[in-house]
């Protein structure tokens, strides 16, 4: 009995320790199930890399080499005792780059075959036809060619301003606005949750505002009870308000127009908390049309990235209409983006 | 005619000797234009039985319009002379090379060059040259003699060249 | 349900109109997005010992180059990283990577023992806080580290784009030196990215249009070794070559393997007329597929081996046709302005790439196999001879520049028409043929 209690106690302590220190394992079954795949034998490699004398062609690599015994990867998820080197402000979202610089390299470099312009660097070619107007207008952001320093910049000095869309300003392009963060009238984000729920967030620092990774249980705790009683309903969203949300997500929806996933329409469900942030694991695939399993998955992942990236510190939705937008089903239809 | 050719030939040979670059020949009547074997500019142009005479005095090539393999009237004159020469000099065999300009895809140009070479062959046969003495080969766009990317060059590259290939008996 | 009810009630009280309330979830349709490279971070793979440090660094660089080379990804370089990966097994601090807007994160480790190198890696979807796929380990010899890097990159590419990979592949092509009127050609083989070039023939005779076998172990090509164009086959492993088709008085060219690797389709010229034939490699039997006075050439099989697309000028100029693989009635599929040649069926089976000539310009284009949805991807003085990446997503082709100093070199382009980029080769290059993905 006593022993049992001890064991139980130890086990519990262990669990707690894991919960605290190893808190990173959220839903991922992280624990290193390294799949063992030996691809190429040394002989093959040796052969392959034979000196490049004309007649010396290496043997084709054929047989996979003997699989190495799966090395148990060092198990201990080292306590994340990392010093917070960069006191990342609670708003880690740097400016997403919906309107990334578009170096000019038309698909058909129509006029002259300007070979030199074909940069050896990854050239994000300009979206041509299917460019959404809204994005086009934001193209002001001239971050061309400055990725590296740019990134650094963003990293160290996370921008405080949100680029939220002014709710009613449908006609206005979504400007990466330099305006100060707007204080939300309602929706006091319950900050302490992250700590309260040890199995949730793999964040070393209590990041009250970082909601993207809050898991479902947390979501419930948060959105459910909290929202229910005082969730304001309000009138349905105006066309402008819907449009603003649409535009906000569009900015982060990156369509691989040459990929098979661009043949797929996916509908993704999600729940938002009162601050407009996506609740934990509430993002889910509801429906899809076209494509095979893999392309559907790919399309879904792209949609999920769009939703999670562009929420920043919450979608800008009228707090007084919370019940209208608590649950959202978003359909991502790439038809107009697709290469014709 | 033949005097003029001679004149050009001499100039051409000088140019060849000077710069050792066949592309500098300017594509007049001079230059063998041959990519394959052939026996070069052997003998003297003044010797009507010589290869040199065939190349320069008779004229070893005919030109074609874009994407065509029809022998032009001018080409017929040249080929009539070739046929006469070949009949008189029965020791020679010939390989007829068909060429195309660069403005075409590789495979198509091979087929087109083959058509041109064959058109010349058939013409010569129709003028009495034994078919057993004539082979054809296509080079497509692989062996231009002119390298500019203009019609003036293309026109000279769209050609069929009759390359004498030595005695019948070897 | 309760929520909705509550909403209804609340809505009713507030606005005295029950209809004003939302019925079910808010529905939004997104039809516009952006087209931009996805930012990723690949912090240097963690060396498991000091000896592995340089390998780890090299591997990481090749992985990053593979990904960025697609035009679909953009690397956020190490100097911008907030987080560092010093332990492959440590939990991911997503916040660090979100902060620099890395949407995908690739972590890995490299161990070296003797001449064996072990690479482990994982791919993370940063904003979802989830791993994409699961950890994977490759083992090989240190000499083959580039292939290991390509394999890792193929995995990453696949997990994010949903497409098959293509980095661990090779290209056989014609290496060219010399001016236009004295061009020397020889066969060469290289990694898809231009690394590890090796020469398969010398330049003593013209060689043209090498084509890989379905398994990548053999290469068909046209050689003038005999003084006339004939089809040869070369074993990539030992570089032994032999003549495949050299019938007296004929010329043969434009060979391509059938997907079964047992049959070769090609053009045979006889008496000025070019038609399509097949050659059964086992029996040596030759079968005539077309019999027309027009030019029939540049045949290419559908991936299922049932059909052949080829070009013919039977209509008066070069156009594309599809016919059954055993011959028979051909259906024209190209109807646009200009001339169409060098059709190549995509490995996915859904498209045909071609060269198009129109108004004095050359284009690489793609169309559906029925000829619909034609799209031109490039334009230049002379673009020619597309070949498909093993995943059917990217095309490589040759571009020749204009004028006396004109030179041919290799380019690749995404089938979206984006990401046109040169493929570096030591000399000029033409007639590329992409291998299947290596095993």
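We just call them A, B and C in the order they show up, numbering each chain from 1.
Rule of thumb we're sticking to: a contact is a pair of C-beta atoms (placed from the backbone, for glycine too) under 8 Å apart; a residue touches a chain by one contact, two chains touch by 3 or more.
Computed from a prediction, not measured in an experiment: that's the story for all the values here.
Ranking all chains by how far their C-alpha centres lie from the centre of chain A, first place goes to B. Closest to the middle of the protein, by Cα centroid, lies chain C.
Here the CA centre of chain B is 41 Å from the CA centre of chain C. Spacing of chain A relative to chain C, judged by their CA centroids, is 28 angstrom.
If each chain is reduced to the centroid of its CA atoms, chain A and chain B end up 67 Å from each other.
Counting only residues that touch two or more partner chains, chain A has none.
The residues of chain B never reach two or more other chains; the list is empty. In chain C, the positions touching at least two other chains are 381. Of all residues in chain B, those touching chain C in their complex are 22-23, 36-37, 67, 69, 95, 102-108, 110-112, 114-115, 117-119, 121-122, 135-139, 142-149. Residues of chain C touching chain A in their complex: 2-3, 6-8, 10-11, 14-15, 20-22, 24-39, 68-77, 79-82, 87-96, 98-101, 103, 115-116, 118, 120, 125, 127-132, 134-144, 147-148, 151, 160-163, 186, 189, 196-202, 216-217, 236-239, 363, 373, 375-381, 393, 399, 401, 411, 413-422, 424, 438-439.
By the touch criterion given at the top, residues 179-183, 206, 208-209, 227-229, 249, 251, 253-254, 267, 269, 271-274, 295, 297-298, 311, 313, 317-318, 341-342, 355, 357, 360, 381-382, 384-385, 400, 402-404, 406, 431 of chain C touch chain B in their complex.
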